[in-house]
Amino acid sequence: MAKDLFRSAARKKQTLFNAWLMMNNPLAVELIGDAGWDCVTIDQQHGAGGNETMLSCLTAAKAAGLPAIVRVANNDPGLVGRALDAGAQGVMCPLIENVAEAESFVQAVKYPPRGNRSWGPYRAKIGASGDYFKTANRFTIACPQIETKGALADLDAILGLKGVDMVCFGPNDLSVALTGGIDIWAKEVLEAGREVLAKAREHGVMTLVFCNDIDFAKPRIKEGWDVVAIGTDTGWLASAAAATLAAAESTS
Amino acid sequence: MAKDLFRSAARKKQTLFNAWLMMNNPLAVELIGDAGWDCVTIDQQHGAGGNETMLSCLTAAKAAGLPAIVRVANNDPGLVGRALDAGAQGVMCPLIENVAEAESFVQAVKYPPRGNRSWGPYRAKIGASGDYFKTANRFTIACPQIETKGALADLDAILGLKGVDMVCFGPNDLSVALTGGIDIWAKEVLEAGREVLAKAREHGVMTLVFCNDIDFAKPRIKEGWDVVAIGTDTGWLASAAAATLAAAESTS
Amino acid sequence: MAKDLFRSAARKKQTLFNAWLMMNNPLAVELIGDAGWDCVTIDQQHGAGGNETMLSCLTAAKAAGLPAIVRVANNDPGLVGRALDAGAQGVMCPLIENVAEAESFVQAVKYPPRGNRSWGPYRAKIGASGDYFKTANRFTIACPQIETKGALADLDAILGLKGVDMVCFGPNDLSVALTGGIDIWAKEVLEAGREVLAKAREHGVMTLVFCNDIDFAKPRIKEGWDVVAIGTDTGWLASAAAATLAAAESTS
Amino acid sequence: MAKDLFRSAARKKQTLFNAWLMMNNPLAVELIGDAGWDCVTIDQQHGAGGNETMLSCLTAAKAAGLPAIVRVANNDPGLVGRALDAGAQGVMCPLIENVAEAESFVQAVKYPPRGNRSWGPYRAKIGASGDYFKTANRFTIACPQIETKGALADLDAILGLKGVDMVCFGPNDLSVALTGGIDIWAKEVLEAGREVLAKAREHGVMTLVFCNDIDFAKPRIKEGWDVVAIGTDTGWLASAAAATLAAAESTS
Amino acid sequence: MAKDLFRSAARKKQTLFNAWLMMNNPLAVELIGDAGWDCVTIDQQHGAGGNETMLSCLTAAKAAGLPAIVRVANNDPGLVGRALDAGAQGVMCPLIENVAEAESFVQAVKYPPRGNRSWGPYRAKIGASGDYFKTANRFTIACPQIETKGALADLDAILGLKGVDMVCFGPNDLSVALTGGIDIWAKEVLEAGREVLAKAREHGVMTLVFCNDIDFAKPRIKEGWDVVAIGTDTGWLASAAAATLAAAESTS
Amino acid sequence: MAKDLFRSAARKKQTLFNAWLMMNNPLAVELIGDAGWDCVTIDQQHGAGGNETMLSCLTAAKAAGLPAIVRVANNDPGLVGRALDAGAQGVMCPLIENVAEAESFVQAVKYPPRGNRSWGPYRAKIGASGDYFKTANRFTIACPQIETKGALADLDAILGLKGVDMVCFGPNDLSVALTGGIDIWAKEVLEAGREVLAKAREHGVMTLVFCNDIDFAKPRIKEGWDVVAIGTDTGWLASAAAATLAAAESTS
């Protein structure tokens, strides 16, 4: 099994910086690894590509030494299993509404007896030392998102599920749920974030937070979230393209 | 035929900003167009992908309203013809060593009687108004690079060739040729750039300059190059990824 | 936001001709746009390709100036959301059996408060003017298919759902349901079609009809369906290939 | 319709050897056909690739004269229908838990009146003689896997479902279910296998067994399973690569 | 070795109808085969795609039972060898200017002693009976195009080269060469065509003619060209799309 | 710059085992790395795929910790430069006929002043420590093949060229040249091999030999070639598939 960066950093209270990939281009993955990011999320909910793209990005992530989480489009055990078999360490599930959905998600991530993941780690087992079947449940990461009212309401129960290894706080969808618009700085959202962080710590569950930008990220880093995502590859590219053009156009 | 942005901007002395694509990802092309860039170079010398990738980027460029130049890997008439048939407005050829190579390149770009481009604009003719065969030579752009000692020596002859519509000044390779290392700010390079610009103007040939960064670009913009490229998509992405990470890591 | 051709044409009672894509080849999409079709359906139920293919066809459709509907394979919110985020204006859902399924489909298409589409329009927002979150629900199109007995039985309820912007009448599957075989000219099918059209008008819901051929299409055009699909790209290609061959073989 | 090798061989009690594809590379498919295998399983549960990959492998299988079964990731009617429309003769569904799931799977495979497969065999109909709609249900193969405790418990009921044309015995997942670990030679597993084979024969249902290696396969061949899979393409490649290297390293 | 349809049909004086592929989509290849065409030209001079695309179309052609010729972009031995190794029976080379170029092309097609094709038929040998090295030169087809003034002037010499198995008459480029415009009906072009056909017969060289449409094809069929191409896949699709739309728009 | 395994192993007289890739599937690359091979040759002369495929295999090779050589289709500086920029450590050129061709090849591999490789290592520079321009010529590997009579005749001159870092002995093509057929065990071939090895050692040039099978490889390993390739990925897969099938068919 590869080194478990997520759990070892969490134990050492080292923040991991997670690059969020929507473009899902393998060369971009390697460039981002070269820039120093610690790990990646391959987004197959709000990003580009299907299974072929996911595989190529997982390969690029391995080439760059970056452990990877795949966000699946929805709570579908087929998608979850395929991400893990393809070599994702973690799977993130959006829009979890309640503890029952979280439980069903965890079952898709974990082998029996905890869950019902089916046997066939065709790529995941490459380079895995030891007995993959016996060690996988300790290595893989089930990461439900907390971004709905329902998930907030069931927060303790969700965090209490054995096999919920990490939670991802999603401020955008949650702000829509709580305020009716995109407003990640809304008081309710910030408060929910603090609650998620505090309770996750109590349960010994790792925490990941998506931050739209560095301003939102800085307080999160100080709060001690285990994994912090800041913007996305498409956002970085678009901003840098725009900034370069603006500098050029201001030439006089 | 689509609007000829390159020639119309040149006539109006409006600088066009050209996004240089090495990643050659179609989604990135659309993001860059959305950021306001005027046109693109799809680099198939120092960038990713073959014919399939080129086609997908030409399609994305059209979706984004961006006219496109393809840089071919070398002076190969097969590559030149395929780029044009696929819908590139211009083709750039690196490492031209002398006027004979430039002539051969122009012949690959232009239909008879000027050249020997073969008939078959399977995608280029889509949306082209009028008679593509008769109008193509006035629309397409043959753009040899001036980046070798030989090309500098033959500069007047190259610029004097009918059908050389644009030249691209390549300061990196030229700096290697003139100084033995990568040094685009070397006196010889800057001087060569000024000569290329001045002589191209005399010959009524459009000018494109590749600038590694905004600092190199600003003086070029002031000098009045018709088309100015500043950095590359991979560079933008890498820089933005690094800058975001640095800001995050400096949090305390 | 791009121009809303579907709604503006419907308001003006202008028939839109929709090219139905099963081959899902981006070059074919551009050729079809060049032939004058108004819009496309990218069929991911009975056509080729996954997310990568869908993206490349959406890009080609944009290049050709064609608004696009994606037909998803089934009523899966992950597929629905991914089609919209990738830039489809509309999503079509096959085999809706009742109003509950239609409601669930609409929720996947629309942002809160109407639905529960998740935030992340990574490509859809490119070129969108204004606030995408606030305007998207008015621009996107939820298009359930009416092609089962159940959907016919629940027709009024389905059409009455806020957010059902368009319905697609599917005569093939419906003929199987009503007659036990493929017979789009069966009396029951034609009658159902008239009912769908009439009731949709009452509810102010746009109408799309798939026609196997021009003979079936002509009466539909006269009846005033808003969007009329006639055959498919694979059918066109196969017919033209066969007709050319037949003409050649008849040479004597 | 293509020749129905599965049913004709079963009638003649000829064992078919099935190559199990996880790499899902079309060239590999042709090489495997050239090596003499009779048919293939394109695994999209524990193997690589999405719809594009499946299509390319189905095409390669046809080129190699190999009928194909697609294993879908889970019991999703969209995936099932897409595999059939793309030209798979059979679809295999993993992890069936009970007769209700099997029934739902069969309905996805079969056209009405037996099931609710939707009309649109865009590639499946290529080369099909006669009326595809009328003959498809007799040609296509619904193959639920028997690899859970639930499926074993409902075995008679599953085998008794009209339209269950074949069952696939999956010893790996079943061994996990029955013994808590991967142990295909466990007494319980072997016994379950014998029961599946015997009861399937009683019901006139074809039988497929996945064997991890030739040792497990030999007794299965003798028992008379209709279709026998032995290892996987990735396993063959890895073993051959390792064996060649070992031979080289042992040189002295 | 597969059946040699080209030579057996030529011997029997049966016209083969060749589908010319510019879109180079594998599904389209199968549809075209299903429509009854005898063989295909995969155009990599004026059509889409690189090596990956060529491979997928060669596989689809095999699936459809269609022998395939690949037109390479130019007289490049790397491209020629790769097309043959990938399983093309024939290679067509455009724009041959003289007998020396034809000789060099033939050498790229044929193994020693006739030529210098390099050993490595990684896909071509699949299904080949007997000793591929010994039989390949009799099976493969070197097909230079006669479409320049130079090739016409060297016609006898080119046809006299051992290993020139077929020539392709290209009326479009030749009309440009002879008349300055695209005019395949020009007297000079028609005359050149007759000369190519007559002389090829004298030399026992097979003949292929590209016809823009059925009107140009009918006289060619009567003249007895061995292989007749009529239009292209992109042309068929575009025409059928336009005709369907016109019929729809004329509804009143 | 990555670790230079080729040169360090050669210095230590450790044989490197090189996996020869014709299938060029990235997952296969990782499986082969996992099987213990030391390095790979991505064959783009007699193997599958273009630039996209090469990139994906280079990425997979990096993920598997395998340095990579790319064999280009022919002595084309565009192909050579693109392989290096994409991150291949070495480039192999087939069919070198004389020292002039070798010199031209070396120039394509090396930056000035030795050669004329153009600046733009868009992927090669990822992870490279230090100044890529200054160190690249010492890291990259120009590997002409010795497989023609001409190359044998010019052997000393070729080996004496500064920048010829490695030679690859190709017994198949050479046997055709020397004996008229494929016979790698022919006396002339074996003798030529010994000469190449001996002279390369004198010149301090690394040596790579392609061996069709383990029987041919064992004597080569004993002779001390620096890098030994034994068979190919397609051959391994085909053999293992055939062997498994034979074992199954022999069951009684």
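For clarity, chains are labelled A, B, C, D, E and F in written order, and residue numbers in each chain start from 1.
Definition applied: contacts are C-beta pairs under 8 Å (C-beta built on N, C-alpha and C of every residue); 3 or more make two chains touch, one makes a residue touch a chain.
If you want to know which protein each chain is, UniProt gives these names: A, B, C, D, E, F = 2,4-dihydroxyhept-2-ene-1,7-dioic acid aldolase.
Computed from a predicted structure; not experimentally measured.
Between chain C and chain E, the least number of touch steps comes to 1.
Taking the mean Cα position of each chain as its centre, D sits at the greatest distance from chain B. Looking at which of B-C and B-F shares more C-beta pairs in contact, the answer is the pair B-F.
Rounded to whole angstrom units, the spacing between the C-alpha centres of chain E and chain F is 34.
Centre-to-centre spacing of chain A and chain B amounts to 39 Å, using the average Cα coordinate of each chain. Residues of chain E found to touch two or more other chains are 27, 31, 34, 48, 50-52, 55, 76, 79, 122-123, 234.
Contact between chains, as defined at the top, is found for A-B, A-C, A-D, A-F, B-C, B-E, B-F, C-D, C-E, D-E, D-F, E-F. Residues of chain E that touch chain D in their complex: 26-27, 30-31, 34, 55-56, 59-60, 62-63, 122-123, 126-127. Put simply, chain A touches chain D in their complex at residues 50-52, 55, 76-79, 81-82, 85-86, 111-113, 116, 118-123, 133-134. Considering their complex, residues 17, 19, 23, 25, 27-28, 31-32, 34-37, 48, 214, 217-218, 221-222, 228, 230-231, 233-234, 236-242, 244-245, 247-249, 251-252 of chain A touch chain B. For chain B in complex with chain F, the residues that touch the partner chain are 22, 43-53, 72-74, 76, 79, 94-95, 147, 172-173, 176-177, 180-182, 232, 234.
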